[in-house]
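Given below, in the form of structure tokens, are the structures.
Next come two complexes built around chain A: one with chain B, the other with chain C.
Here is the complex of A and B:
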């Protein structure tokens, strides 16, 4: 009798994991399959699709472009969203509901509407259909992903008192932000950066409409391949996953390295 | 001119005045406490000294300089908060060093000062620990060391002991006073705990509803409260409402109490006679040679360690009296008793 809920629980978990993992595994297998349509497992295995993808002249260009846009979106987000969130939390808490509401807007406005509106408003150089406009659009689009974790982290610590105690010790706003607030909301900043990076890296609609062929991103290339050969598209998807995971590891590793020296220096003393 | 002065300082929050026309002069090296119930404006006053709140009127001067509009990070005031507010990402050493590092002191000087400060608060061996690895009392001592490390011109403490256990609280308040005397640092201390304020201060400022009720030494505040509020807030004072008969007598119900009536009170004006419980003696039989004898029935007997506090119903008025705990056995609930107190233990005030 006691076992039953446990069995049910395990079954639910297994089903959920399968639901999440199976498509990814299938994509991986498909990317190295010679032919996989009427059989249960592929008829043979090959790395040909990866070769084709790597050899494509646009492969490295689109990958670089996607990196540029994603990293720029993360940096702009860090530069604007984090200080703004901090400022609203400490100085104008009454504006927090308004900011919360603003941060939901990107979810409510379809990417198509956002892209077309931006194209019409910023129809003049140097913005018109430029990577700058794409990056700006991506920042707006991914804003909530940076805002939410940062805002939650700020709520988890006593920002107000920490700020005041740093102030009374003679620190200026920049020192407070960099030395006191940022390290204490680092988990939020990190997960925000990761979410923004991943979202923007996989973003298709905005890139396709704003820059299109003039500044192709990786997802545009991927979509082009799905029309030609699903197996090459699968190989590109796997590369895309890998990039996202590598980026996550790099960010986590980078932040870990940033903190270590102080601890080591202290250990030596 | 005093070292730290607040002149006609007022602060409004919306339409509510948190602090009204506040005047205070603190001499260099003095320990002054702002004491009052929550919402009396004591914390707002402290925050104005720190620069976290801007006064709506009035001026603040520190060491001869007008600091009214100086930002908090340029005032050189060290602040200790109720919630410790240590930086959780830094270890003890970095916390204490923070104020010196952000103002660009050389590393050698910082290291020396950190050692000195940790020795001062007797936590030399905690330099590498993080705040979450310390007890509340230890964290507050580090917060004190951090505030003192910048050699502030004034040390500000905002209910620093309120979050601590009773035992730690008493020990740490002694530590704070020792360190304050050792450094001779001018200190403003905010608390709602009258015992705390009386035990460590040179001067106590009792506040109520944004106004100063009384300023004086702890003894003055305790022995000669100037207002009914102070009398009621500091210690426990019995308040007997009556009518002035002449310069030495006040009628309380049917009884004539002998008490020194101040010159400001006229005959037949309403007055209140204040008597501390420790001045009242309890008798099982009617005393023959005592002044100011009241008759009543025991309602409560409360054991308080060295003393036992007895609550007596005197014709509808509750009067509390203290006695040595050893006399406890002589009395029981609902027993009929007599209370007496000498005239010079009474303080008479107008009853507004």
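Here is the complex of A and C:
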């Protein structure tokens, strides 16, 4: 095929990169700027906004809460989704379409609708407005992110031969899963866990509607500050972006080549 | 020779292994959504009623759906067209390393939706934002009050931030599916570049393009955090109205919330169905 004019092509790509990077960079700079509302570049630099954010009583509470919910969602995902995916791949292939359907459903249910449905059903204690309900909602919402990399990894290895060899040697299912399958699909498990962690950590809608003020998460604090104090909001946004970047870099690092970005993009929202 | 153990295939007992996960999905997803559905058709005493659907014919709710559909359609179509062009530019880059890096960038940024992203857009495009100031200084162009990041026009820009990379990730594999031989055959038969695109490439890309547009539409329709952070109650969207019935910030009827949620689910369901169908069409050309 003829090479398109390189200038036009490069310009298009450059504009795209600028659009993707500029808001993030500007937020990083804004978070350390003394004053930045008249001049093109900040008038000076300071770490005061971070200090104020760290000193805020809700800072460590919300950060801890977000870590609790994210790690719990990852653990439940590891406990439920990884064994189920393995089991379906080897023992009940006829359940694969059902599993695929269950993993598409969360994309069709907006977070506000999931929150509303759960609040209606679990309106009684100890479930009502509890962190437990929030974690369950986050697991449902993020399960495709765990499922896809794990399922792709299982398809990439000869899971049947591995299972049958281990069975021949007398291993039970738990041993096979932990000592044979898990090490072989570790990149998929890690990538799924990081994706779940990053999405749940940044999740605002479910947290705000299900637990709200009774169990505030980091994004809730961030949204409160966007209305009250932009400097603090910038510092909190930077922390949020940094967590997302670190998780993404770890995913790219860990899974390396041979990964199909589109497969995961189907899960992105 | 070693005895070889086959994986047992007694299906009914194997299904038990799927039971815990199915129970979890039933308890926290399927049953609550079904109850929401049945609740939307009941009145306060639990008798069958279409009253909740009559309530959402109120102008505020109709407008919220219309706004949601408009924002979703605009950002889906803009995202698809721009994503197609940028995706092709990335796909045709001579350096595989740069191409990989840009795909990785799209991969990361498409997950950057929500509150921090919305705030980042306030930083650059708020009334004192750096881009707003730059436009004023270098192009003598005052963005405000015609444009505002806190309004629907701002929402379009912020949504495109996660729509564009999603489209790029969806369309690049479709470009990769266009085989060189097709271009060569068309060229040998006397087709020019325009004819090749018009008659061969675009028809093959169409299912991927449609799949992309409906996925982007659904993506925008279900979004809440970005819009809520930017506009708060100034922006009337279906998701924001549903959230109001939960938080009770404005006097809203819970029954109306159920009906709004069911209509939203219906719209999302249609999108996902079209997406699945178009995607299966697109895969026919996959190598």
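Here, the second predicted complex is superposed on the first by the 224 of 269 C-alpha atoms of A that agree within 3 Å, B and C clash if a C-alpha of one lies under 4 Å from a C-alpha of the other, contacts with A are read in each partner's own complex, and residues count from 1 in each chain.
Throughout what follows, a residue touches a chain if its C-beta (ideal position, glycine included) is under 8 Å from a C-beta of that chain, and two chains touch if they have at least 3 such contacts.
Everything quoted here is computed from the prediction, not taken from an experiment.
Visitor: For A:183, select first, second, both or neither according to whether it touches chain B, chain C, the two together, or no partner.
Guide: first
Visitor: Of the partners chain B and chain C, which touch A:213 in the superposed model: first, second, both, neither?
Guide: Neither chain B nor chain C is touched by A:213.
Visitor: Touching A:105, do we find chain B (first), chain C (second), both, or neither?
Guide: So A:105 only meets chain C here.
Visitor: Give one of first, second, both or neither to describe whether A:157 is in contact with chain B, with chain C, with both, or with none.
Guide: first
Visitor: Output check: A:7 vs chain B and chain C. Expected answer is one of first, second, both, neither. What do you get?
Guide: Neither: A:7 stays clear of chain B and chain C.
Visitor: Is A:175 contacted by the first partner chain B, the second partner chain C, both or neither?
Guide: In the superposed model, A:175 contacts chain B only, not chain C.
Visitor: According to the stated criteria, A:167 is in contact with first (chain B), second (chain C), both, or neither; which is it?
Guide: Both partners, chain B and chain C.
Visitor: Counting residues of chain A touched by each partner, does chain B or chain C come out ahead?
Guide: C
Visitor: Chain A residues touched by both chain B and chain C?
Guide: Shared contact residues on chain A: 164, 167-168, 262, 266, 269.
Visitor: Per the contact definition, I'd like the list of chain B residues that touch chain A in the complex.
Guide: Per the touch definition, chain B meets chain A at residues 50-52, 71-79, 81, 83, 85, 87-89, 91, 93-94, 98-99, 102-103, 127-128, 143, 146-147, 150, 156.
Visitor: For the complex, which residues does chain A have touching chain C?
Guide: 1-4, 8-10, 12-13, 16-17, 19-20, 22-24, 26-27, 30, 36-40, 80-81, 83-84, 87-88, 90-92, 94-95, 99, 102, 104-122, 136-137, 139-140, 160, 163-164, 167-168, 195, 198-199, 202-205, 208-209, 212, 219, 222-223, 226-227, 230, 233-234, 236-237, 240-241, 244-245, 248, 252, 260-262, 264-266, 268-269
Visitor: In the complex, go through chain A and note every residue touching chain B.
Guide: 157-158, 161-162, 164-172, 175, 179-180, 183-184, 186, 262, 266-267, 269
Visitor: Spell out the part of chain C that touches chain A in their complex, as residue ranges.
Guide: My answer: residues 2-9, 11, 14-15, 17-18, 20-21, 24-25, 27-33, 35-36, 39, 85-86, 89-90, 92-93, 102-124, 128-131, 133-134, 137, 160-162, 164-166, 169-170, 172-173, 180, 183, 193, 215, 218-219, 221-225, 228-229, 232, 239, 242-243, 245-247, 257-258, 261, 264-265, 268-269, 271-272, 276.
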